[in-house]
Amino acid sequence: MNIIQHVANLLIRSVFHADPASWPWTWLVQAVVIGIAAFLAFAFVAIFAGPVSWIERRIAGRIQSRIGPNRVGPQGVLQWLADGVKCWLKEDLVPAAADRPLFLAAPYLVFTGMFGAFVVLPFGAQVVAADLNVGILYLLAITSLVVVGLLMAGWGSNSKWALFGGVRSAAQLVSYEVPSAFSLLCVVLLAGTLSTQGIVAAQGGWPWDWFIFRNPFMFAAFFLYFTAAIAEGNRTPFDLPEAESEIVAGYNIEYSGMRFLFFLFAEWANIWIMAAISAFAFLGGWQIPGIAPEQIAATKGWEFVGWQALSWTIFLVKATFLVFVVIQIRWTLPRLRVDQLMITCWKYLVPLSMLMVLGVLVLLALVPEGGGADTILRGAMVGLGLAVVLVSALRVRRTFRVDREHYREMEGRDLWYPPYRLP
Amino acid sequence: MGFEFVVVLLFLTTSAVIVGIALWLGRFLRPRLPSAEKASTYECGERPIGSAWFNFNPRFYLFALVFIVFDAEIALTYPAAAVARRWIAEGRAWLVVAEIVLFLAILVAALAYVWGKGELDWNRDLAGPEEMP
Amino acid sequence: MVPAVPPPVRPNPVRAYFGNIRRAVSSTFEGMTVTMSWLFRRPSTIQYPDRTEKPVREMLPETYRGLLEVDLSRCTACLLCAKTCPLGCISIETCKHPDGAREFQTFDIDNGLCMFCGLCAEACNFDALAHTREFEASVSSAEQLTVRFVDRPGRLVAKAKDLPPRRPRGSILAALIPGFGRRRRRAAPPEPPASPAPAPAAGAEGPENPEGTA
Amino acid sequence: MTPAEIRERVSAACPGAVEEFQADLLDPVLRLRPDRLREVCRFLRDDPGLRLHYLRLVTGIDRPAAADSETPGGIDVVYHLWSYELRHGCQLRVRLDRANPVVETVSDLWPDANWYERECFDLLGVTFAGHPGLTRLLMPADWVGHPLRKDYARPERYHGLPTSRATVLAEGRAAEVAPAMHDTKAQPIEGYLRLNMGPHHPATHGVINFLLETDGEILKKATPDVGYLHRGIEKLAEQVGYVGTMPYTDRVDYLGAMFTNHGWALAVEKLLGVEVPRRAEFCRVIASELNRIASHLISTGSLAMDLGAFTPFLHWIRERETINDIMERICGARLTYNYLRFGGVSRDIDPETLDKIKHWIDHFEPMMDEFDRLISSNEIFVRRLAGVAVISPADAIAYGLVGPNLRASGVAWDTRRDEPYSIYPEFAFDVVTGRAVHGTLGDAYDRYDCRLREIKESLKILRQAMAAIPEGEARVKVPRPKPAANEVYARVEGPRGECGFYVVSDGTEKPYRARFRTGSFTAMTIIEHLSPGLMLADLVALIGSLDVIAPEIDR
């Protein structure tokens, strides 16, 4: 039973004291509930994309040895609101030479394409707006809407730099959909379903139950997907459509005010969406360690709500961690060139992701689930994951310590400044 | 399942409506002081030379075409992948493996062909427009 | 002198292919460990203007070439500075009294023209004209950029033989332009005691910061 | 080979071409007959015993007839030539008719003469017959008159814009003027997209315009258009005198002001015959090397930023801030140093500052390894630069590239070592050259790599200089300079290469002609040559790797 239907039925029973199955106005109540859910989702997007923009800027600040926005509200947490209000108060310019309908329609498509992805994101054990049976395909399809929007923006602006941006984004987003689709194919192979909730249910709460640690091919597929997702989200090192040092700002160059904001809005929300997809497809989604989804479904009342909240939190933590990784990558890497972008996709990511599909398929056929070989594989992959984390931590520590001594001599104070301390 | 798609439709409509409302509300807040300078197209501070609507280099279309082939193929592979687990459990592993490998083989052949022909390399020689069909 | 260019080496394509992947992964990893390490390091920006430990003016070295000021009680109106200035931003006029003493008519420095090169201050033999550490010079109109140092009529030109001591740098400008560069400041957030490093220079909030509200 | 010997050879090969040999000048000059110029130039360039492959500078000097003089006035065009292989050079001069100054072009012999001749045409009205595109370079196309002529009168207004501060102040505010825009005369190439990159473009490093003809992402041609930052500093130098020009040289190269200071001081000191105290020389070297590091930091950092990596740029900015703080202690300013004086420096460096420099170096050296890990060894970064915009050694010399750009192409030439000035011979350091670590010799990565390694060499020099700095005076008093009539060319090795000052004195307190030779000017000329076939993103890398900065081009 869909959660929206569930809530609507609950409403009809408790408020209207009618039987939802036979009541003539059931559809109306359901429509209203869906509308409310959409608004809730929008509110979620807003309060997530907004703070993500703030978080990104604070993290970028620390990475770059500066502070970042800290003036609007306590520690600048309201910076995104200020930006939004500012954009709202800005004049809405349409270039005289632009193709007006295309120019005006582009933000709608971009935003809708981004927002549509939220319908199938499995936030919690029972929390998903619509658990489509073709969930993954739907995700791939709806995010392509963004391409259309960007292309319209680039073409409709009748500005050459915007045209460059639009055409680049079309070539890029379209190409990177292939490796990301192949990588998700690996997930579908293991899960045996296209439904997003089904994919989460096929995994477990413990790391060794996650798809990423199922076998080496899945481990690689995760990184392939993650790379392709960054490219689809127009993030550095694949931010060619809006490369400010090459084509100034790309497709959104002629936009101003709120229309411009919707592009940025979609971009930041997109980071979150791709992190969320990676999290539910590879990292076990909302699964709580030690408790099966059926047990959660069987609980009642506040206990049920509590489990839901916990599952929601776990999902958010995983997705937010990936958002952080995306942000960090952005502030580490330079940008590819157009031909290199295409070569990276078609010569590296596509063949490799095909190989991963094949590998997963063969392992699926040869290694029975739950057998000894499967356990060894999972254990080895979890070990590999731990090793990666450990090695990077040691490397970070060493990098830090090299600078520490000299910094003290030069500045007369300690270099250590933990991330939680906000200047 | 029909209900789920109604949810999708309503979600998409709502998001478009939200954008519309935000832009419409903004009309009461934002100034409107049009001028010819503001309405001009940005080209790094200089007067734009001609229109941007221009025949763009066809390389991009080539990638788009390759993509369409690949995407259609992948879309067809998904159902096969979705039932793979069940079929393997039912002992028909060879069938599903053969099916997906067949799909992949077609794609690999296509990719190898395109790669071998050098179409994946960005042709950096300046093919003059007179040589374009 | 002109070296021969060696022909490019064509590597084995398979090795190159996997080498590219390996290098891409390892160099990205290296780069990310570096950026990660910065999350634990002290940011180097100061929060000018209102959250600095002390006014930025006081962080500048004594040698700083800020706005010019002249101590008229030490100025002999020798015009060396005006002659040295490549731009002519100093204008000095004096007039002669019947009793022989000379009196300042104008001593104007046009900060809108000045390029803070320091040649005039070097030319001054009596330490009358000098740079201050004042740099916040924004005003609301171009006319206000010109600082007029003759504050009262009848100010006599100094004699080189008996010069009074130089008034502290910056005090003349401060007296001349009330509130100049003395904006309200907020105290810097206190340094948490967690760090074992020697504390920053004591007396962070000096008398410059009377209304230090956190 | 000395200039006199060169003169002998020229006289032997081209009899009658040399009108006069001015051996009494500090830099002796061969005066040629204008109609024989090309012949002599070709000989000088191609003769195996001379091999003057590098045209350093083309200068026009207006010499109107003095009222009391019998000699007719004229316009001199002076060519400075140099041979990297044989380490000799000579100066050529042609005297042209002032009413109709025409001389044949040498832009086909030395490609960098192209822009020099355009500049000379623009500012002095000299026509170079046979020049491929003799149009104004720095001034607007519809400007009237040639500003470097001695009888030039500045117009009161240009397109309604007042040209003097007095007028602006008198009128309260500038009149509403429709902004003048760039109109290109060149015919568009059929079938290509034509667009402006710059002046307001993040990757052009200042206000420079490139007119691009592109086929999608691939460039057919990029034509630079400069002059947005033209301030006429050479003209100003004629007006404000030797002392007053010093702060203006800060503005020529705002990232390497210490070198323009140094070059100017060297030139005038040569004219005056002033000895500089030893401590002052050390102060100069310390300040210069710090400045070189700061400039290279900006250059390498902004190259990374142009390629999309923002973080390295800010890290280098942070290190440069420390240098700026030190500079502030040394000379009182962070950017426009105005530190050098004829006969020394404006202020001595105190021991506390030396301590600060030492601490900073200790901190900075490991930071360079960190920077390598962050960006220099990054695969994307390497791929973006390696093999891109390769400049062959011969091209680098012919186009007059200097400094790191030249060395990256494999030509081991460093003015500090090869034409020594100041106390540089006392220090041990290497001249870094391109080593084609990732691609071809002379590619964009080599230029980047050279700059980074040069920073390390500068650190070496700094450590040596700080250990050996002697006690003593940092400045000798020099009376107001009034050198006798003479000509001198002094050069220093700046962060953008040779930073040369050609000064013509006439016995007054003001230079008769001051000519600034900067690295960015010639670096710009090669962009048009390299651009065909590059991608749009490569052009950004090319501009960044050449490290051009706008005020150095326009002056």
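Order of writing sets the chain letters: A, B, C and D. Residues in each chain are counted from 1.
Here is the rule we go by: a residue touches a chain if its C-beta (ideal position, glycine included) is under 8 Å from a C-beta of that chain, and two chains touch if they have at least 3 such contacts.
Here the structure is a predicted model, which is why all the values come from computation and not from measurement.
With centres taken as mean CA coordinates, the chain nearest to the overall protein centre is D. In terms of C-beta pairs in contact, A-D outnumbers the other of A-D and B-D.
Chain A and chain C have CA centres that are 46 Å apart. Look at where the CA atoms of chain A average out and do the same for chain B: the two points lie 18 Å apart.
Multi-chain contact residues of chain B (touching two or more other chains): 43-44, 48, 52, 54, 56, 60, 122, 124.
Residue numbers of chain D whose C-beta contacts span two or more other chains: 193, 195, 201, 216-217, 311, 318, 370, 373-375, 378, 380, 535.
For chain A, residues that reach two or more other chains under the stated contact definition are 63-66, 160-161, 167, 248, 331-333, 338-339, 347, 399, 403, 407.
Across the assembly, chains come into contact as A-B, A-C, A-D, B-D, C-D.
By the touch criterion given at the top, residues 2, 4-5, 30-31, 34-35, 37-39, 41-42, 88-98, 107-108, 111-112, 115-116, 118-119, 129-133, 136-138, 155, 157-163, 167, 170-171, 174-175, 177-178, 181-182, 185, 188-194, 248, 253-254, 257-259, 262, 338-339, 342-343, 346-347, 350-351, 354, 357-358, 361-362, 364-365 of chain A touch chain B in their complex.
By the touch rule above, chain D contacts chain A in their complex via residues 193, 195, 201-203, 216-217, 304-311, 314-315, 318, 322, 356, 359-360, 362-363, 366-367, 369-370, 373-375, 378, 380-381, 383-384, 535-538, 540.
Chain A makes touch with chain D in their complex at residues 60, 63-66, 160-161, 164, 167, 236-237, 239, 243-248, 331-340, 399, 402-403, 406-407, 409-410.
The residues of chain C lying in touch with chain D in their complex are 1-3, 5-6, 8, 20, 23-24, 27-28, 30-31, 33-35, 44, 60-61, 63-65, 84-86, 113, 115-119, 122, 131, 142. Across the interface of their complex, chain A is touched by residues 1, 3-8, 10-12, 14-16, 18-20, 22-23, 25-27, 29-33, 36, 38-44, 48, 51-54, 56, 60, 63-64, 66-67, 70-71, 74-75, 77-78, 81-86, 88, 93-94, 96-97, 100-101, 104, 107-108, 111, 114-115, 120-122, 124 of chain B.
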